[in-house]
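There are structures below to look over.
In the two complexes that follow, subunit A is the common piece, with subunit B as its partner first and subunit C second.
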Partner chain A sequence: MSTFLVRRLFSACLVLLGVSLATFMVARSTGDPITLLVPSNATEAARTELRAHLGLDQPAPVQYALFLLHAVQGDLGSSFVYKQRVLDLVVNRLGATFELALAAFAIALVLGIGLGMLAALKRNTVVDFAITAFTMMGLAIPPFWLGLILIIVFAVRLQVLPVSGSDTAAAVILPAITLSLQSTARLARLLRSSMIEVLEADYIRTARAKGLMGRRVLWLHAFRNALIPLVTMAGLELGDLISSAVVIEAIFAWPGLGRLAITAVAQRDFPLLQGAVLVAAACFVTINLLVDWLYTRIDPRVVLR
Partner chain B sequence: MSAPLLAMTNLQVRFGALHAVRGVSLAVGAGESLGIVGESGSGKSATMLSVMGLHDRRAAWVGADQLSVGGMDVLSAGEDQLRALRGGQVGMVFQDPLSALNPLFTAGFQIAEVLRRHRDLDRRQAREGAVALLAQVGVPDPKRRAGQYPHQFSGGMRQRVMIATALAGEPKLLIADEPTTALDVTVQAEIVRLIQDIQERSRLGLVWVTHDLALLARIADRVMVLYAGQVVEQAPAAELYARPRHPYTVGLLSTVARLDQPRGQRARAIPGQPPRLDLPIVGCAFAPRCPLRFERCLEAPPLIETGPDAAAACWRVETPA
Partner chain C sequence: MRPVPWLGVLGSLLIAVAVAVAVTAPWIAPAKPTQLDLRARLAPPAWVDGGKSNHLLGTDNVGRDVLSRVIWGSRISLTVGTAAALLGMLLGSTLGLLAGYFRGGVDAVISWLINVQLAFPFTLLAIFLLGTVGGGFAAVVVVLALATWVNYARIVRGQVLAIRERDYVLAARAVGVPTGRTLLRYILPNTAAPIVVVASFSTAQAILTQAALSFLGVGIDPSVPSWGAMLDEGRNYLQSAWWIAVFPGLAIALTVLGVNLLGDWLRDWLDPKSAA
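Moving on to the complex of A and B:
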């Protein structure tokens, strides 16, 4: 277990290093932030002074090395635009993103498992075909489009839910549904196929040959086995939800990490962008680590090393 | 033989167009052992699954003039009665214990759940009962082993766990469906001996299903040979080995006589393939592969008595070649 942890932490560091380098390079390819930070009539001297102040006069490798050096000490620098510590800004917004992603994740799990089980148990019936059609649509519909449609129907026409923001508890409903749709569809399809496979397994025949109740065979013997591929997928989905939240947050004006990152891109706020992406990546890596551990709780054959 | 534990008359099993079992009749009493032999697709497993009502009702149609276990009619039984039958009246041991045991639960748990279901024990009693059963089937260090998962057992030990689950409900009838096929030869002998010991001690009715006729010589009182879903010959074991009457049985036995031969060659010993089961069979099902066929084989032969408690479905019984 401890060697597993050491190895995974090492590879997690490599992932974060790669992510930070990519973000650093991509950000600098978007142009010069100075032009956006100073009035258009600013003197060349003022521009040079600001450039030196922000550390942008250094060669890029030096800038990156300095960023890393500070990052490992927990200092992600200061935002060009907000003049605040990046870490504070990011952590502030992280809560809202988590709230949205977790709400979407809960919907995806409940609906995905429910629909997947129902489709598997009623396979090749009208119910199964209806669920399959729904999941196909769920995968085909672009989330941003669904978000706009939901806003038009529920917020504008019916006026039962808020259009945007995060002021009321009800505000999370529309963005969470929008965000969850693709995950719901993927989880439902995965569980349907894994459940159908498990129900054909020899040990299910054994369980029935032992005279166990149908419910026990289904939920204890079959469901737990069908859950194994679902857990891996669910972990990936949660990571995916956090990154997909970027677009959804923009549509619903949800004050999360994604919206912060988008403004950071638009304003060429390099430290803020790097910080936001790095923290999101760290969340993703952590979730994957948790999923691997959860695996061992479900499947005794899995040994972490 | 008084009222048999298992009585089956004219069993028919169909999977859609596929007619897998075509009129099998058999009876097994307490303390008796019946061996059923046939190649894959002969309907032997489908026959045994019918005994416990284990066929998926959407996929399989099962009918019989009579099918009763311990006096209970299986075909008209409700789901509750069938559940009491499965594991309680009838225990079943399957072919491959690695796939037949649930990988996510400990051996002890999988035995204990039968004890709780059929013997009405509480959690603690069931756990102790599971350990006792593991000891009974010869698993060393049963207390520790009860807490282990199937993948932590060797093949032979795993089959012992499977046997313990089958015995946990104190069944009167034990069905063993190729229980040694997936095991090493040396382990096979141990498992055979274990099942024999248990059967003799508890006077269980035993049905042993296999494709290996040589194996049955040591186990079965009576042997029944299935071909294409039909009984082609049945006789007391000694009689069958000494004087096989059906050409198919003769074919099977002639391959058995050369025990040193590798498995792959044995399967090729009888030329040809069994008939397709999704089409009607005209005349004797074995005729196309039979060295002794003649005009009369165009007509399906009934089981013709060949001795006390012995019969063969072959016209050559009446008209020797």
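Moving on to the complex of A and C:
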């Protein structure tokens, strides 16, 4: 177990190193950040001084090494616009994004598992067709478009839910439903097919043949095994939700990482943008580590090396 | 005999309609997509009270015909979606092929690249790239290909790992067939089936993401009519003029539905075991 953790941590660090290198190169390819920092009428001497102060006069590899050295100490630089530490700004907004992503994740898990099970158990009936139609539409509808439609219906016409913001608990409902749609559809499709496969397996027939009936077979034997592919997928989905939340936040004025990033693009605030991407990637890598660990808990056959 | 794959037929039909609309746009669109009809601004669809018969799906805030813009917008969605899926295919299949065949160091580096790509929250990465290097058709296609290449690379790598041990590959190597020829003649063709399936889902993914990027304002030049940009323009008129945002969204949904249905059918047809 411990060697597994060390190996996985090492590989996670390598991945983050790649992410940081890529973001560093893109951020540097956009030209001289000094021109964005000083007024256009600044003297050349002032520019040179600031460049030296920020370490931008060093060769690129040295700059990257310094960036890394600072990053592991939790210093991702300062925002051009807010004049605050990037890490503080990002962590501040991360909570709101997590809240939205987790709410959507909960909806996707409950609905996805429920619909997937139902479709598998009622295979080739009207119920199954209806659920399949629902999941196909769920995958095809652009989530941000669904968000707009939900706003028209529930916030503007019926006026039962808030249009945007995050002031009340009810405000999370519309963005979370919008965000969960694709994940719900994917999880339901996955569970349906893995459940059907399990129900046709020999050990289920054996369980039934030796006299175990109905619910016990279903939950103890079938469901548990059908769940295994779902766990891997669910981990990926959570990462995907954090990424997709960016678009949904823009529609519902949700004060998360995505809105921060979009403002950062508009204001050409590259350190902030870079920090947001790095922190989000770190979250994704952590989630996948947890998923691997969870895997061993539900499937004893998996031995981690 | 197999039953008729109705869903696959429906998918092909939806795609055929979308392609036909995109190709014949100049002839079937009732107006130019950029033509302003300032006396008929925010006109509702023809069947709603106050609708005008010459603007079947209504007009937007500057009086442009929504139907014409939906028709012209199909061109961007289809070309960007296809180009991104193909570029991703070229990149991903090549890397997957090399990783699976050579294993060892090559595999380690390519697998690392795959994991790095997967760790990026894609939407943020896209905003980051397009925000720093700027939008435009080519930039959007490249960024979307970055989102799809891993799909191909992972599946091709897995396939090649199995295929490279088959007798006919070992035989080819034993008689001295050059490596490049072995890869292209004996291994690549056997990975074609999963590549085709991944291509269809990647196209759907690219069409949706391209629309999302336009919607966020970092995509293709908003003066070119595209479904994503129309949604972005329409969001400010949700209360007064729902039709501006609703129809392009419907167009995206139907196109993506078509591509997904075709992909599902292709997967079942090429690999009957996976049909459930």
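FYI, the second predicted complex is superposed on the first by the 267 of 305 C-alpha atoms of A that agree within 3 Å, B and C clash if a C-alpha of one lies under 4 Å from a C-alpha of the other, contacts with A are read in each partner's own complex, and residues count from 1 in each chain.
The working rule: contacts are C-beta pairs under 8 Å (C-beta built on N, C-alpha and C of every residue); 3 or more make two chains touch, one makes a residue touch a chain.
All of these numbers come straight from a predicted model, not from anything done at the bench.
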State whether subunit B and subunit C clash or fit side by side on subunit A once the two structures are superposed.
fit
Regarding the shared-chain residue A:Arg205, is it in contact with subunit B (first), subunit C (second), both, or neither?
first
Kindly classify A:Ala140 by the partners it touches after superposition: subunit B alone (first), subunit C alone (second), both, or neither?
second
Tell me the angle subtended at the Cα centre of subunit A by the Cα centres of subunit B and subunit C, rounded to the nearest 10 °.
80
In the overlaid three-chain picture, which partner chain does A:Asn225 touch, first (subunit B) or second (subunit C), both, or neither?
first
More residues of subunit A are touched by which chain, subunit B or subunit C?
C
Regarding the shared-chain residue A:Ser29, is it in contact with subunit B (first), subunit C (second), both, or neither?
second
For A:Val291, is the partner it touches subunit B (first), subunit C (second), both, or none of the two (neither)?
neither
Touch test for A:Val246: subunit B only (first), subunit C only (second), both, or neither?
second
Pick out the closest CA atoms of subunit B and subunit C after fitting on chain A and give their distance in Å.
15
Common interface residues of subunit A with subunit B and subunit C?
none
Listed in rising order, subunit A residues that touch subunit C in their complex are 11, 14-16, 18-19, 22-23, 26-27, 29-30, 136-137, 139-145, 148-149, 151-152, 156, 192-193, 196-197, 239, 242-244, 246-247, 250-251, 257-258, 261-262, 264-265, 268, 270, 273-274, 276-277, 280-281, 284-285
Interface with subunit B, subunit A side, in the complex: residues 201-203, 205-214, 216, 221, 224-225, 298-301
Touching subunit A in the complex: which residues of subunit C?
112-113, 115-116, 118-125, 127-129, 131-133, 204, 208, 211-212, 215-216, 218, 231, 234-235, 238-239, 242, 245-246, 249, 252-254, 256-257, 260-261, 274, 276
Help me check something: in the complex, which residues belonging to subunit B touch subunit A?
52, 54, 79, 82-88, 92, 94, 96, 99-106, 113-114, 117-118, 149, 151, 162, 165, 169
